[in-house]
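Below is one structure, written out as structure tokens; the observations come after it.
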Amino acid sequence: MFKDIAFGQYYPSGSVVHRMDPRAKLLLTILFVVAIFFVNTYFGFMLTAAVLLLIILIAKLPMLSVLKSVRAVLFIVLFAAVINLFMIKDGEILWSWKALQITDQGVHTTIKMALRLVLLISGASLLTLTTTPVEVADGTESLIKPLKYLKVPVHDIAMIMSIALRFIPTLFEETNKIISAQKARGASFDTGGLVARAKALLPVLIPLFVNSFRRADELAFAMDARCYNATENRTKMKVMKIGVADIVGSLFIAAYFVAVLLDRYYFNGAMDSLIFGGLV
Amino acid sequence: MPQIELINVSYSYRTGEGQSVRALRNVSFSVEKGEFVALAGMNGSGKSTLAKLLNGLFVPSAGDVVIDGMNTRDEERTFDIRRKAGMVFQNPDNQMVATIIEDDVAFGPENLGVPREEMIERVDRALDAVGMQEYRTRSASKLSGGQKQRVAIAGVLAMEPEIIIFDESTSMLDPEGRAEIMDVAKKLNEKGITVIAITHNMDEAAMADRIIVLRKGRKVLDGTPKEVFASPEVEACGLALPPATELARMLSERGFRFDGTVTDEEELVEGICSQSN
Amino acid sequence: MLAVELKKLSYTYSVKTPFEKRALDNVDLAIEKGEFVGLIGATGSGKSTLIQHLNGLVKVQEGEAMVAGMNASDKKTLKKLRFTVGMVFQYPEYQLFEETVARDVAFGPKNMKLEKEEVDRRVRRAMEVVGLPYEEFAERSPFELSGGEKRRAAIAGVIAMEPEILVLDEPVAGLDPVGRREILALVRKLHEEVSPTVIMVSHYMDDIAEMADRIVALKDGRVVADGSPAEVFGAREKLAAAGLSLPTAARIADKLAARGIVLPRTIVTPVALADALAELKAKRAEKESEDREGEEEKDV
């Protein structure tokens, strides 16, 4: 039932990308996502895909792991594409039937939008494929640290994040166990209407909540017993350090950003005409 | 001065319906540094409540708990007490804070503000002591129950405690896991750490120097395993005798004679051999 | 009649990922109706995967699983299969969810779409059998029961379906000695009164030796031993190779053998050991007195 929620699950390969500072990876991912929104030519998309491919190769990830993440959002992409295709009325009409029509502009916008979404998801999944949840939490904590001066409980937020991440596999396992136990008593989760299905989930959700409260209770005791909040001057074992790979990575993504901006504002589509000729 | 001292300790709590339950009544005993004490009793005997009173997770309703001269009522000493008396809980999954093993072991020292270099050494030593060094950078979710509990012990050791309380830490494990944990507990005790093991498993209790048996919140027995297993009270407390003791009793009914109470298999075998040849 | 028939059953988890694991490997197993089978094996030996095939919770990948005359991969009979095989998972109390014990126990029978009277009858019977008298416990919240009572309530929820085959995974895990004894006695009672065929998974060799007619041992997804407790535990070398331990009585017998007191290897329970030792002692006493008489005769 929950098998498909494997979106961008950490894939250990020990590559240089895996070893990069999580803060650098977080910031570069954000930069990459922003860059994709500036891309509006086919050349730009090709460039983006090339950049992603290169990172996948360096990170020693199987193509399949990235495609899986894309598959998770495929439905949304297709849905948005269909809407786009019929909504855009500008440009030359290629096909029409009653109120529906498809224009060449519509086709282009649709393809570009789909490409943008697919590349965006692939890029974001590269972060989670190469960075453990804990590193993401630690990196985030470090990046939002300045908010401490605005009295934001940065450390507690980070603790909540990392505990939530720590318990995701435990809760999945538990959910599956409860589902099996109720199925064994004849429960079914995939028949009937929406209301019936929602009701059928109660025998799973109630024990899951009850058990989670029990877990939370026990965890609180365990944290207290290990002196949580003993001192303001908490220390950390893991320190994050910017290394050569982080600098090279940053330069690489920065270069990509510049290329995207040049393509859009300086060449202004010239690369597309050059490569695809009259097609676009 | 004893390391742990309980003086007329009582503890009551309120249930969801507002009823007051007296979990412990007038319990007194003391434990010397380096002892291995088993706290036994059936579910609901108050043994887990007692465990939580030893490191200030609970404060007695009446009476005092004193650890190395520090009263658990004294809020300023709470963290000193918890550092000194570490605790390993029952459920391996519910006491792990971090995903990666070494991060979890570092949690205690981090909370105490231990400097980084020293912390790394402590984590190293703690993982060595429980034999989990090679797993340090792995995720805890793929470990067996026994391995998870060993990580939990390492997390306590990294705080450099003088006392370790095992709060039914073996009850959710398979026999291999149990043996692993009891083995570690014994080794730590040999190094001078005081061990308090809360259990309802008499095989484990038999490994202790001393067994304290609780029944309905009261202390009913306190003595060496031999003394305790010889008492007719044991079974009234809902506890089973260790298999070796049970067998010796069956053999006594069949004409064998043993000197004193048999507590382990070696003694039993010795006893049988001495009267069969 | 066969209750369970597994033919060349194999199963692999996480196929084509770095976590791929073969959980079952060519398992052939036939269990007669009325048998009490103890399933043993180290953690990760495939016991859970095997039992979850029996009611179709795990889909058959390779081979065939026939249970009570139904094919476990047949979707049409899946529901019926689940009502035929009662499955008591580890720590079953964590699946309780209803407001009252009676309603929780009724969950299975209601899913069977039985008449209201029949549901009531089964709930009452199940609660009585597990030792939670209906009048006293029916309206109580399952979350307010004691640990042992919760487990019995959860077991009642399974046997209210009156399954022909009852599968129990570590039914005494985490219980204190009193709770253990009660649950083991209950399992025996269920075998006699409710479900003729019982399969019990346990790490406790002493319990298995006492309770089961037949033991099946798994290692790395393969059946490595199958027979009566005396046969399985008697084959010491095979057992050690499978990484399994002996019941206490057999272990003590081995220690005695090392000291010159040789007893049959088929001894697996404390009573059998005590009886054998008493018999041996009596024989020796007899022989000694005979010898003494003989010597006396010589003297004359």
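Odds and ends about this structure:
Going in written order, the chains are labelled A, B and C, and every chain counts its residues from 1.
Here is the rule we use: a residue touches a chain if its C-beta (ideal position, glycine included) is under 8 Å from a C-beta of that chain, and two chains touch if they have at least 3 such contacts.
Keep in mind that this is a model prediction, so the values were computed, not measured.
Of the two chain pairs shown, A-C and A-B, the one joined by more C-beta contacts is A-B.
In this assembly, the chain whose C-alpha centre lies farthest from chain C is A.
Our note on geometry: chain B versus chain C, Cα centroid distance of 30 Å, whole angstroms. Once the centre of each chain is set as its mean CA position, chain A and chain B turn out to be 45 Å apart.
Touching two or more other chains at once is no residue of chain A.
Chain A contributes residues 132-134, 162-163, 165-166, 169-170, 214-215, 218-219, 221-231, 233-239 to its touches with chain B in the complex.
The part of chain B that touches chain A in the complex is made up of residues 52, 55, 57, 79, 82-83, 86-87, 89-91, 93-100, 102-103, 106-116, 119-120, 123, 141, 155-156, 159.
Against chain B, the residues of chain C that register as touching in their complex are 42-44, 144, 146-148, 173-181, 203-204, 206, 245, 248-249, 251-252, 255-256, 259-261, 270-271, 273-275, 277-278, 280-281, 284.
Contacts from chain A toward chain C in the complex involve residues 11-12, 174, 177-178, 180-188, 202-204, 206-207, 210-211. The part of chain C that touches chain A in the complex is made up of residues 18, 52, 55, 57, 79, 82-83, 85-87, 89, 92, 94-97, 107-108, 111-112, 143, 157-158, 161.
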